[in-house]
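Working notes, beginning with the structure itself.
Naming follows writing order (A, B, C, D, E and F), and every chain is counted from residue 1.
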Amino acid sequence: MLDLLISFFLLIGGAFALIGSIGLARLPDLYTRLHGPTKATTLGIGGILIASMLHFGAQDNGPSVHEILITLFLFTTAPISAYLVARAALHLDRQEDGDRL
Amino acid sequence: MNHWLMMPLLVPLVAAMINLLLGGRRMGCQRLVSLACSVGLLAGSIILMGFAHSGEMYVYRLGDWPAPFAIVLVLDRLSGLLLVTTALLALPCLLQAMDGDDGRGLHFHVLFPIQLLGINGAFLTGDLFNLFVFFEILLIASYSLALHGGGPERVRAGLHYVVLNLIGSALFLLAVGTLYGLTGTLNMADLAGRVAAAPTDQAALLRASGLVLLVVFGLKAGILPLHSWLPALYGSALAPVAALFAVMTKVGVYAMLRAATLLFPPQGPVGGTLAALLPVLALLTLATGAIGALGAQRLRTLIASLVILSVGTLLAGIGQFTASGFSAALYYLPHTTLVTAGLFLLAEPIGGQRGDLEDRLDTGPPVGRPAALGLLFLMGGVAGAGLPPLSGFIGKLLLLRSAPLPDGTWLWGVVLGSSLLTLIALSRAGSRLFWGPVVDTETPTPAGWRPLLPATLLLAASLAMTVAAAPICRYTEATARQLLTPRHYIEAVLNPAPPGGTP
Amino acid sequence: MLNLAIPLALACIGAALLLNFWRLVRGPGPADRILALDTMYVNTTALLVLLGIHLNRSVYFEAALLIALMGFVGTVALCKYLLRGDIIE
Amino acid sequence: MEALAACTVAVLVTCGVYLLLRARTFSVVVGLSLLSYAVNLFLFFTGRLLGKAPPLIGSTAGDEAPLADPLPQALVLTAIVIGFGMTAFVLILALRARGELGSDHVDGKEDEA
Amino acid sequence: MLLYALVLLPLIGSPLPALTARLAGRTAPVLTAAAISAVALLLALPPLAAAFAGAPMEAYHSWLPQAGLDLGLRMDGLGALFVLLILGIGLLVLLYAHYYLTKEEAVGRFYSFFLVFMGAMVGVVLSDHLLQLLVFWELTSLSSFLLIGFNHQRREARDGAAMALTITGGGGLALLAGFLLLGQIAGTYRISALLDMGDLIRAHPLYTPALVLILLGAFTKSAQFPFHFWLPRAMAAPTPVSAYLHSATMVKAGVFLLARLFPVLAGTEPWFFIVGGIGLLTLLYGAYHALFQHDLKGLLAYSTISHLGLIVLLFGIDTPLAAVAGVFHIINHATFKASLFMAAGIIDHETGTRDMRFINGLWGYMPRTAALAMVAAAAMAGVPLLNGFLSKEMFFAETLHLSALGPARGLVPLAATLAGVFAVAYSARFIHDVFFNGEPKGLPIYPPHEPPRFMRLPVVILVGQCLLVGIVPGLTVAPFLALAAGDMLGTPLPDYSLAIWHGFTTPLAMSLAALIGGLTLYAARQRLFAFHRQRWPSVDALVLFQTALDRLAAMARRLTRLVANGSLQQAIALVLLATILAVYWPLANTPSSITGPVRFSSIDGLTLTGALLMMAAAMLAVYWHRHRFTVLVALSVVGLMVVLAFVRFSAPDLALTQLAVEVVTILLLILALFFLPRRGQSKSQPPRRVFHLLLALAMGTAAGLLTWGVLTRPFDSIAAFFLANSLPGGGGANVVNVILVDFRGFDTLGEITVLAVAALGIQALLDNLCLEAGMVEGIPDRWADERHILVLSLITRLLLPLALLVAIHFFLRGHNAPGGGFIAGLVSAVALILQSMASGIAWTRQQWRAGYRPLIAWGVLITAATGAGSWLFGHPFLTSAFGHVRLPLVGELELATAMLFDLGVALAVFGVVMLILETLGNLNQRCAETRKGGA
Amino acid sequence: MNRWLPQPLTSLCLWLLWLLLTESLAPGHLLLGGLLALALPLFTVRFCPDRPRIHRPLLLLPYLAVLLWDITVANLVVARLILGPARRLRPAFIELPLDLGSDLAVVLLTHTVSLTPGTVAAHLSPDRRVLLIHALDVDDSAELVAHIKQRYERPLKEIFAC
């Protein structure tokens, strides 16, 4: 049962990570590409972290909770990374095309 | 266990850190600390050499762990000799630097002791990887020291030096890795045993790693195709730094000597190649140095070529793998180190008063204070070219005698031929620097004996080595014998004497 | 069950990494490359956690945490460079 | 796996060396970095490729996989740190060279055609 | 002891004249020098008596057996003769020099050099040890260098001195080799021992090389053809020097050596042909050329060459009688030539020139000097009743008995006579041209007059000797000659007589022929001069020599540049080539395969992916190396994959460290990128690129082969010890960390020292540096105007405590789980840098004012002190200790010295990283200020 | 309180985080974590010169719950968009006028925007009045603006009382 749950989360995680990267690879421009990694990948890693919590929590050395830390951390930083990348891209585009905005 | 063995390492380290804590403003205190450090090192090194002179190997097991596993320091006669040479060199260099050069950049008094730490460590350690670490210490300190004072020439030469040595470090690791991957140990004594006992299918790889080590050490020593960084670097560094660097190439030579006697003795599967290669490289290097000296257009380049030449000479002695060859090289080593350093220090006051000519070997107005400077230069030149009666001649004599004809024909030819070239180069240099039409213009002449003291000390060492040639030769002969029986080294490291056996 | 899920997840992450790298190669702009690199870092974090589950060892967790942290710092630095040149002005 | 390891080291060394031989300081620094990666990997590999158990005594796994050789790891750690110091130094030296020589050519000269 | 004193007195006394000159002016130095010489002469008397008594005084001490160096002095007849010459003539020359040297010249220095030379020369002739002889030999070369170059304002003096040193010094080297060989053959360097071993030595296969080498030394010193050319050029020396060195002493060192080793080396065909041949050639060559010199001293120099050739030829003739004649001529030549040089010096001194085309008719101005010079010149010509005649006639006689030459035997007497003809001719020129032949023309000093009486005194004494010896040889020179020649030969002397008149013999005829022929030749000199000018285009040996040397130097320079041409790329290529050879050569020369016996492990997909990514990224970095920003990104990928590799193969500690280091490196690279020029880079030439590529491939393959070779071999390492002892002995479960802080803690101490020095070096490098900010192509000219991004700075401030917490976590657990001081230091540093990136370095610095350098220092000191702490307990450096403490409430706590050690590491690493980044970060700031201030 | 415990909330968080990190409730770690939680802010407080004031911290919890839910939804939405044909996407830049007084609130909003369906914050105007948003697939930009303002900005306003 637990295995099933872990597997489920693992697969969810893996799938979303993959989807995020697919988005990164195939979407047409930078701004659309941004969406994949910031969201799908975040969730993907979330899934895997939950799986990890379950997996190690089930073993006998007590609950495994430090994965929360990674989750928290990623959720704090991923938007900033995205923001900065977008910001940089905007800056570069503006240089090239004049003030588009 | 003899805790003195830590002295050459801890004293400079602590001195450097105290100087770092003192910060840039208190130059006076820093100088005092450095001076105390250098004097202490000298005293301590002499004591250590005294220990080593008994013929016993002093093994210091760091962390109190048994031998092949953790790091050991080993003091034998060779290390003792080199420690004393370094300390002898360091003191005058420091004195010279304290004349003002130390203030021409940041952190001189931190870098200088660390440089000594690296050199001493390389001489003492009995662990291959630890040797790498000490190489890095002495290199990183030397990078900064070489660049001390700034200026385009220095930076360009320094850049080349740094990049080449970084490659050297990578190659060192490559060789260490190969050795570890095959033998599973890093302790040099243990390695020696395992290399000797290695199955035949590993011989090729071991030989490759040995040769890569040769390249690495050769790069540090400045042997033939790997020397191209040397003249520019030594020619551009500040005088006390260039003088101190005279011992840097000897570290490479030391490492080669250690590797060739301990790790890869010529009778083993690996050492045969090494033993065949070394004499050839030695002679080529020797010739390169002599040719470089002849072609030099600046005094300091000339002296730098003498450094290359001395490396060739040393290897020519070592390459014979005989007691007399080693002994000759080991007598020659302190001599050449101190004399070339003295010449570097001398080049400073000479070049300093020639205005735009600097130390270029063009005829110009003769330098001021010709008596003192000229006499010193003459001494340096005589010693450097290996003319009698100074120690260079004795060294050359020992070397030539160690390779009797007809086997030594090449060696004799190259050694004597390069002596001639050096003689020509030095006499041309001397006559151009000191002799020339007297011009009425006032040349700034350094006053007092103080600026010349360090150079005098170093060159006087050559005189001292001549006078004390007999005891020194006895020591080097004993050292050579010790080197040729690596069994003692291995046993001392791997089989500790029963308690009470070592002091 | 796990025996199947873990390799599958690993394969997904592996494929994701390859895709990220593809983007990194293609560019076209520097921002795309930064984004690709950032995503690689995040995916690697996931990969490490996965590896931990796979090998049944929790020691890789710290590495994962550190990758996340360092990936972030790297991305910030690269973006800042594009924006301002001097990253710690 | 051994072949893959050898191949990786070979490629890294090749790339690093090629960059080392470029004329610009920045390329040289990057080349040195690549070279040190390669060397570190090589040194690490000399402890052999054991993928199961990090050298932690009493770590969670119950299985009795042989622990990896800790010594190369310690060596590589030292090498990494030293390599970092060296890379930093040569990088700054490149800056200094640019300042003093007015060029980022490794020989401090302007392009020769 | 006396002998030692004799040698050492002038040497040790040599500084005195220079010192007294400083104190007491002009006369004191010469008095000092003369006193020393006189005392030495007195000291020489007892040994002289001993030599006469047939029991030569000797002293021999073993000194440095390893180098074959002993101290040995012996004064037999030959040595005694030379000592008398050296000291006696030396005294005369000193007297002469006192009047010759002008006030302006540094007389003190002159006499000092003079004494050194004198001592060295005495050393040469008294040495009973080959190598010791060589020491003095080279010392004469050196001191003569200084003496010749005494008037160094003049170019010819400088060049002449350098040339003399080069030739004689080079000869000295050959001599060294020869002596060593001789010693090797005989097993001893002691000359008195060698003298009895002639047969053994001559039979040895190495005899010929040894002979040739020794002769090289002797010939260069004695100015034998073709090494003669330095001597005329050495005439640039002050005349006292020429009178001393180039007539009586130094040039005689070569012939002395021939005499000294005559019993050892002579008596073989090579000796005969080489020594005799060279002597003959030199004799003719010198005699011929002497005639055509316009310079007085030049004439004398060539004449010296010729006479030395004569002596050498005599030794080469290899009969006892010839040897006696040789020794005799040595004495005679010394006396008349020294006096001639002095006379020439007087003339030079009084007229201001030495050119015979201007100096004429001096008889009218300085008759006494003229008379003396004429007598001496006559002796040189071999006029009867003078000493030159006697030895010359002996020489002529000896040339008649050369059976070895077979049918060609008649040539030698002919040549000898011819040389005699020329000798007479140039002597005649010396007399006639200078003292008669009309009136002087355009002399710089006019009118010339007699020199001070005491300046002439030495000449008088020497000329008197010429006369005395020439007239009553039996009463004057005979005992000395007998003694010297006897000790030289080591065998009983043959019968000979020193009478002036032997009856009408062939030698007499030859002498007469020479006299008449010479005078005739001189009479017909106009035509001869014309002929000479046509046939011997004026080739200046000096110019030739200097050109040759310059060429040699230029060639040396080219050769040097061939390897070290200042190109880093070439230097790197050489290092790589050497390495490639070092790896491939053994691998190619082995029968066994590179692949070892171990079975390969299987590849899994993930590892493959990682490896592929790593390789691809590395290749991308190469492909893009002109787009620097992109290279950075590719480099990050490689780093990331390396981290993965560490994780994959069970090295969590490595992964952590690599990660942290990686990021800091990238930060540094970015910071540096800002200051590197943006200019597009030119590509290197295609052939060079291909070469580099090949080199890179070869090097890469070499590394790959090593990896492959190592990995496919069985492995037995010392690792088991660490795994077994880590917990019980080191108190930590993380073996890697225990190795770092305990087993190999010394490495760690070293490595933080490296880091510390790197940081300090970087600070020193950036000191006073100001760079224009450059930008990279493909990136806009204008930066964004927003300095600090709100979103970022706010979040990073929140992250700071978290990151520090993580760092502390890493630190505390390091001993038992992945982590440790390094990582803690790096993580906290990165956390702080993040603040700088978000909010600016100035702002960050405001909040956090601690000095980084003290931090580094304390870090290293703590680490070292932890190591040294074990001394207190009598353990070696770095011995660790740990223990478990039970605290109420808290539970069990492990305390280990390793922790303290690691704390030092963490502090140092943190300080280092911060110092580097801060210095670099300030660069722009400072430069902006400088620029503003400048504008 | 202020001197020795400058940021009680941070300290609490740190303490919890420490326990998370060590995954241990052993007394030693409780104590050590407490010590660190007290000590670290003393040092880091200098880095937070303008301490954010949270008016109603408890309201954060429902906000976070909504956020978590939206994140999950966001991923599903984005996944669909990514996997679907790229032609159907209607990406657009949208300007979101802001009405928040606290910097922290603004930052939280940008986070929220980036984590929620189909939008990424791209640029905050220097005066913090306008947030530029990039949306992956927009029907009606006005509606999106209104949605964000209603669903995220309003609760933030309440929490930070600005």
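Quick note on the criterion: a residue touches a chain if its C-beta (ideal position, glycine included) is under 8 Å from a C-beta of that chain, and two chains touch if they have at least 3 such contacts.
Just so you know, these numbers come straight off a predicted model, no measurement behind them.
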item	value
Count of contact steps on the shortest path from chain A to chain F	1
Other chains in touch with both chain C and chain F	A, E
Farthest-lying chain, centroid of Cα atoms versus that of chain A	E
Chain pair with the higher count of C-beta pairs in contact (C-E, B-E)	B-E
Per-chain CA centroid nearest to the all-protein CA mean	B
Farthest chain relative to chain F (centres taken as mean CA coordinates)	E
Distance between the centres, which are taken as Cα means, of chain C and chain A, whole angstrom	9
Cα-centroid distance, chain D relative to chain E, in whole angstrom	41
Between chain B and chain A, distance of the C-alpha-averaged centres to the nearest whole Å	57
Rounded Å distance between chain E and chain F, as computed from the means of their C-alpha atoms	75
Residue list for chain D, restricted to those that touch at least two other chains	20, 25, 28, 38, 40, 42, 45-47, 51-54, 56, 59-60, 71, 75, 78, 82-83, 85-86, 89, 93-94, 96, 106-107
Residues within chain F bordering two or more other chains	17, 21-22, 110, 121
Residue list for chain E, restricted to those that touch at least two other chains	566, 568, 572, 576, 648, 652, 673, 703, 706, 710-711, 715, 717-719, 722, 743-744, 747, 751, 754, 757-758, 761, 765, 779, 784, 786, 789, 791-792, 795, 798, 802, 806, 817-818
Residue ranges of chain F in contact with chain E within the complex	10, 14, 17-18, 21-22, 26-28, 31-32, 36, 40-41, 43-44, 46-48, 103-104, 106-107, 110, 121, 124, 126, 128
Contacting residues of chain A [partner chain E, same complex]	73, 76-77, 80, 83-84, 87, 91-92, 95-96
Residue ranges of chain E in contact with chain F within the complex	786, 789-791, 794-795, 797-798, 800-802, 804-806, 808-809, 812, 835, 844, 847-848, 887, 889-893
Residues of chain C that touch chain E when the two form their complex	10-11, 14, 17-18, 21, 24-25, 27, 30, 33-34, 36-37, 40-41, 44, 47-48, 51, 59-60, 62-63, 65-67, 69-70, 73-74, 76-78, 80-89
Contact footprint of chain D on chain B as seen in their complex	129, 133, 136, 140, 143, 147, 150-152, 155-156, 158-160, 162-163, 166-167, 169-170, 173-174, 176-178, 180-181, 186
